[in-house]
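Chain IDs A, B, C, D and E follow the sequence of writing; residue 1 opens each chain.
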Amino acid sequence: MQKTISMPNVNLPQSEQRSSALKPIGLGLLIAAAYFIAIPLVFGANGYLLNVFTTMAAVSFISFGVWLTFAIGRINLAQAGFALIGAYVTAILVSRLGVSFWICLPLSGAVAALLGGLIGWPVLRLKGVYFAMITLCITEACRLTALSFPALTRGAQGIVDLPLPGELSLFGLTIIPAFEKGARLPFFYLAGTLMLLGLGFMWLLDTSRVGAVFRSLRQNEDLASSLGINVAKYRVVAFMVSCFYAGVGGAFFATLQQNVYPTTFQVLDSVYFMVYCFVGGLEFVIGPLVGALVMMSSFELLHEFQRYQTVIFSGLMILCILLMPNGILSVVKRSGKPEEATNA
Amino acid sequence: MTQVMLNALVVGTTYALIALGITIIFSIMKVVNFAHGQLYMIGGFVVYYFNVVFGLPFWFGLVMSFLIVGLLGVAMELFLFRPVMLRVKREEVTMLLAMGTAVFLESLALIVFGEKQRGVPPIATGIVELFGARLPTGRIVVIVVAAMLIAALMAFIGYTKTGRALRAMAQDREATALQGVNLKWLSAMGFGLGTGLAGLSGGLLVAIFAVHTGAGTAISIKAFLMIMIGGAGVLSGAILGGFVLGFLESVGYALLPGSLTFLIIFLIVICFLIVRPNGIMGKPWG
Amino acid sequence: EETLKIGALGVMSGPFAGWGGVMCQTFKSRAGMWNDDGGVAIGDKTYKVEVVCVDDKGDPKGAQTGAEKLVSEGVKYIQGPNTDSTAESAKTVMEANGTINMPYAFSKSLYKAPASQSILGMVASYQVGPVIYKWLMENKGVKKIAFVSENNADPIKQRDEGSAGAKALGLEVVSDQETYESGTTDFFPILTKVIGTAPDHIVLSGVSPSDVGPLIKAARELGFTGTMSTETGQDPKAIYEVAGDAANGFIAAGGASTEAIRSDFMVKFIDRYTKDWGEWNDVAGLFVYGPEIMIQTLQSVGPKALEDTEAFKASLDGFVGKNPFLKDGGELKYVGRTDYGQARQVSVPIVVQQVENGEYKPLFVGKLPD
Amino acid sequence: MSAQFSIRDLAVSYGRVRAVKGVSLTAGEGQIISLIGANGAGKSSILRAITGLTAPESGEIWFDGERIDGKGPDQIVARGVAMVPEGRRIFPFMSVRDNLLMGAYRRKDNAGVASDLEGILTRFPRLRERIRQQAGSLSGGEQQMVALGRALMSKPRLLLLDEPSLGIAPIIVREIARFITSINRDNGVSVILVEQNSRMALKLSSHSYVLETGKIALSGPSHELAENDDVRRAYLGG
Amino acid sequence: MLEVRGLTKIFGGLTAVKDLNFTLDAGEILSIIGPNGAGKSTCFKLIASFLTPTTGTVRFNGKDITGIGPHAVARHGIVRTFQENTSFQDMTVREAVLLGYQKDCKASLAGMIFRSPRARRDEREAGDYADHVLDMLGMTGLANTVSAALPHGMLRNLGIAVALAARPKLILLDEPFAGLNSDETKRGVELIRKIRDEGVTPILVEHDMTAVMSVSERIVVVSFGSKIAEGTPAEIQQNEKVIEAYLGAEDTEIGL
């Protein structure tokens, strides 16, 4: 019946993996080059398109975090809440203490990640809809907190007229010049860089052993924990990474808009971050990016239709789910391992 | 304080009614129907159109709100949810579908019904005073009807053959099919029942509140809160969750500064779910 | 023949569609009237007016993108946005591109220097509030006042300003911390507490059109007998439909569409709006001032303003136009020097009116400070 | 012996996995036949195809002179076929009574349903004691009784049993075996029994089929198969 | 090696496990049998710390491991399999087995993500070990099959393979032969001996008496949560209490 077939070379799969890793890296660099050079060349003068791309990049950056929580099998609707936290951290530090934006950006991520860790530890025990709903509550709670504690957040007044990022210099060497009023390109590059770094890290994570552990959590937490995997630790790590993305993204938006209000990020944003992941395809690291690109550009393109814009937009979205229930990328690239007939 | 308790009773009853529909759909399809609030809103407008625009009796409009929104739900199940569920790898996608439907219905409603707030003429006039608390007769009628509807639904689910099959389907679709149940028909019917209830609650409540096209999302979020508190997928849990939220809201507003009430409710719900991850009675259809 | 492209940027979907949607519709209907007359004459040319509406969904990110979109289409003059946060986000674009916009939001930093591109298109709540309170004190003997608002940035801010204004007038503010969540259906719980403080008057601060009717109805059902008011524009029909007779006596600031004071031209506009959108909404009577003064100013400055908004801004201080919407006519100009230090507000008349059987009856008409 | 039930050239696939590759078998009225075979041989797949849970790829299924392949489970059940699926699949959050009544979903004769319910409770006194209890809280053996009782409530003429002894204590396995013989003998119900416990299967059935990788490798009267050396070695442990 | 003392677990009003005591030496093959619902699986869950006992202690190699959590117990060297088929649905057999090795990976989190040399070495070791385990179970040919497409019997094997990949000292097997035919069961019995010979001590819960009697060196019988008998297979088969509660007597009428 079952014969024992010995593998000729046990290292073969690994070496294969490494050479195939070059392809995505090359592809990534190509996309990056195209993005950073072609778009400014073609649309450089058009503030609108640059703004669309900037927003798209930053939004997909935040959505990567949601994607990661999907990877551990959690529907995360707290992302907007943590983005709001990041936005407030930057706004408060920049406007009250005059801290440089370049310090605030990672710091906002860190604060969001820290809070995410504290909240996530107990909350991540929940699964399915319960987790989805509790995270929705978290987003709402963040908005209400921002509104209810004006001493810290200025409440309903919002924090307005935030300064643009100053220059970033190291040892007297200017790495990034100060942003100029009204200039769209710096933000475009910043968002693009964030997006690519975020994507690159996600890709590394997903293809690493940690990624496999995350996937195992989604498929069967009990089995994973029986194997000695500290389930609680890994899911908190995933959630914290997700919150870090949210915090950084929130800080970016606060600076881009130069203001923060309790309504800057709300439940609907959380929902959209999640939608981007779905639309792109949950199986693909690049899914949130594709989703955000398709959704945001189609909304903009449908502007022609004026008051029918939203109806048509949502109608198309439904159609898109009907035709491609596993995401756009599932059609472009047939996923999954080869199904092999078993020879019992 | 009597007034506060009466408020809690009214709010709780209306919430329980709202939560029922979403629970039915969740338990039989595992779909979190984000469009629930929008269907509620459409139910309200159906009653408004029949009652105010066409001048027909309120109660007729109410029946129509159940039928029309129920049929809408049947169509949603047949043409949207079923084809998608057959092909998805990750069942969370249905959530996305429900969200798309919600946005679609809301934007369509805005075009069709306009942006204005709508109300219907009072179904009963007069105010009853009870131990110093005031209870308008219209509210009494509405909560009595709501309570009767809830009881009727519970009886239907608990004691009829179809109700039993619905409960069975919520637990194991394949095993249910093996008992000779036509799943196709039953799940479309179950979905329609859930949405119909959403429409019905919107239609009934328009008699004492009002309705406008943007009301949906907030209703959905509250409905989620209720079923989380009660336990997702359990009918009695939904009712209990509705009453608990109604009570928290009424008492919270009476004792706390308004701006903190919901913040505290959210925090309570979060803490509560951490302690009891499946809500008060979290089992499918217990 | 050339076209003059003008924008409207605001929240046109979701719960607050009542603001931006009506703003866009008003603008389109008014533009339709201009175009039917052959267009507007600026300098030697006449221009057809083309209105581009952009839905920002009430989202600051959307407002910024939307503003950029209008700018990229060559639009120099924009109506909206409708909330503080969206207006602040659009501001970054307006200031950088020298685009003029008329937000319907009250955040003072929009209109105070160094900001210079935004012009408040209506009466701010903190301007009309005290006027109403004063009238109530003098005519209704109101001494104790309470504020209720939705738990959201704009309404809370309006409440705080209203409350401060009331205190300055010497009123006793018995309750100003009660808020309800957006989407509340039953207002009994929140109003039970407010009415428990025994106010003579309740102010619904920054109340969204969808909540006025239910709030009034609930207050009356709970046995409240005092007066009620709001500072934002509301449609009396909708209120009456929901609240019934309980709506009678409700005081609101409004446009100029009440029968007693409106001009024939206003009637024509109402007809036009009704034809275009099926039903008149009284809030449109507020939004109609913005486009009107915008075009009048452009006409007075001449073609150079079409390209360069500096010329437009330079004319704000001296501009005097006429108000076609009131029976008594009157001037339309830019004010705001008292409140913002520069002329960045349209001198919309403060029309304070009262609901009577689904119609507004004006109580008095006030004037904005210069 | 008339062939009440027959399968011709049945093939079942899951995606690219071909689980059943051209199987034919027949069962006469009032007969117990058994299907035995290794894991993944395709036994469950055949039963699923018969009840319409999985659409067959090709082949014919006949019951009572009528072709039933391609029909939905509800119609097949209506024609008198009932199945106890692999792993019992009772409704865990419903009472024992509701579980049993679910079996009678298709029946309109309320009096008959009531008396059949009574009959089943008499046969399984342990269920009577637990009639109001949630079925999910029963022990494995009790759950198996619920599943059997539920299948009987539809008054089937053909009963499909998929590994009823799986995970059941030996003492209960015997009880189930007795039950199968008795309903076959007393009620004349035909049974198709799928079992890993080949000893039991060969003992209870009159005719058996040995399935290997989706094909029938061997078939014949059960007592003959029980003597077959290959069968003894592979399925009877020596 | 393993010492269970006074183990009790109460669910609501139901006592699933009642004052259970037994010990186990390294290298011994022990089986736990008993009627359905006797509390066998619950006992496994208590040992593997999936549940916290109401009272009682579990000691492993002298250390108290009661209620320290499943992953911690696994790190001490106790790994369980599940009564129902349990696997990582979307993973291939090899991926799942590779994951079993996780607890022995020494690279840090960041190291794993950024592929430090240590992480690459882990990966190689995990690969070698996975291949060894698959070979031992005769599953090498299935290495690239997705778990979800495996037949039931292979899923049970996969469960054991994944558990073995975690390199346990003690493996708790919950009904490893359920749904296997006698030929497969025979090979399973061989496998258990082989596992034992590799230095992994197995405990079984099983209803297949032929297999239990042939593989076990000692048997513990539980009924209604308490131990009713303990001894060698021969002793147990003769034990009246066990026959009454569990084994039953041969029924001549049906010949079983």
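Operating definition for what follows: a residue touches a chain if its C-beta (ideal position, glycine included) is under 8 Å from a C-beta of that chain, and two chains touch if they have at least 3 such contacts.
For reference, the UniProt names are A, B = Branched-chain amino acid ABC transporter permease; D, E = ABC transporter ATP-binding protein.
This one's a predicted model, so the numbers in the text were calculated from it and none came from an experiment.
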Point to revise | Contact distance in steps, from chain A to chain E | key: 1
Check your understanding: Where are there more C-beta contacts: D-E or B-D?
Key -> D-E
Check your understanding: What is the chain whose Cα centroid lies farthest from the Cα centroid of chain B?
Key -> E
Review point. What chain lies farthest away from chain D once each centre is taken as the mean of the Cα atoms?
Key: C
Check your understanding: What is the distance in Å between the mean C-alpha positions of chain C and chain E?
Key -> 72
Review point. Distance from the CA centroid of chain B to that of chain D, rounded to the nearest Å?
Key: 41
Exercise for review: Round to the nearest whole Å and give the separation of the Cα centres of chain A and chain B.
Suggested key: 33
Review point. How many Å are there between the centre of chain B and the centre of chain C, using C-alpha atoms for each centre?
Key: 35
Exercise for review: Indicate the residues of chain C shared as contacts by at least two other chains.
Suggested key: 13-14, 21, 151, 156
Point to revise | Where chain D touches two or more other chains at once, by residue number | key: 15, 17, 38-40
Revision key, fill the gap. By the touch definition above, chain E meets two or more other chains at residues 149-151, 153-154
Revision key, fill the gap. Residue positions on chain A within touch of chain C in the complex are 46-52, 55, 59, 144, 147, 155-158, 160-161, 181-184, 253, 256-259, 261-264, 268-269, 300, 303, 306-307, 309-310
**Study point:** Of chain C, residues touching chain A in the complex
**Key:** 12-14, 21, 24, 53-55, 57-61, 64-65, 68-69, 71-73, 83-85, 88-89, 91-93, 95-97, 107, 109, 151-157, 160
Study note, to complete from the structure: Listed in rising order, the residues of chain B that touch chain A in the complex are 26, 32, 80, 83-84, 87-90, 92-93, 95-97, 99-101, 103-104, 107-108, 110-111, 217, 221, 224-225, 228, 232, 259-260, 262-263, 266-267, 269-270, 273-274, 277-279
Review point. Which residues of chain D touch chain E in the complex?
Key: 14-15, 17, 36-40, 87, 138-142, 163, 166-174, 177-178, 181, 196, 198-200, 203-204, 233-237
Practice item. Would you pull the chain E residues touching chain A in the complex into a rising list? Key: 48, 50, 69-71, 74-75, 79-82, 86-92, 94-96, 98-100, 102-103, 105, 107, 109, 112-115, 119-120, 122-124, 127-128, 131, 135, 138-142, 144-146, 149-151, 153-154, 162-163, 165-166
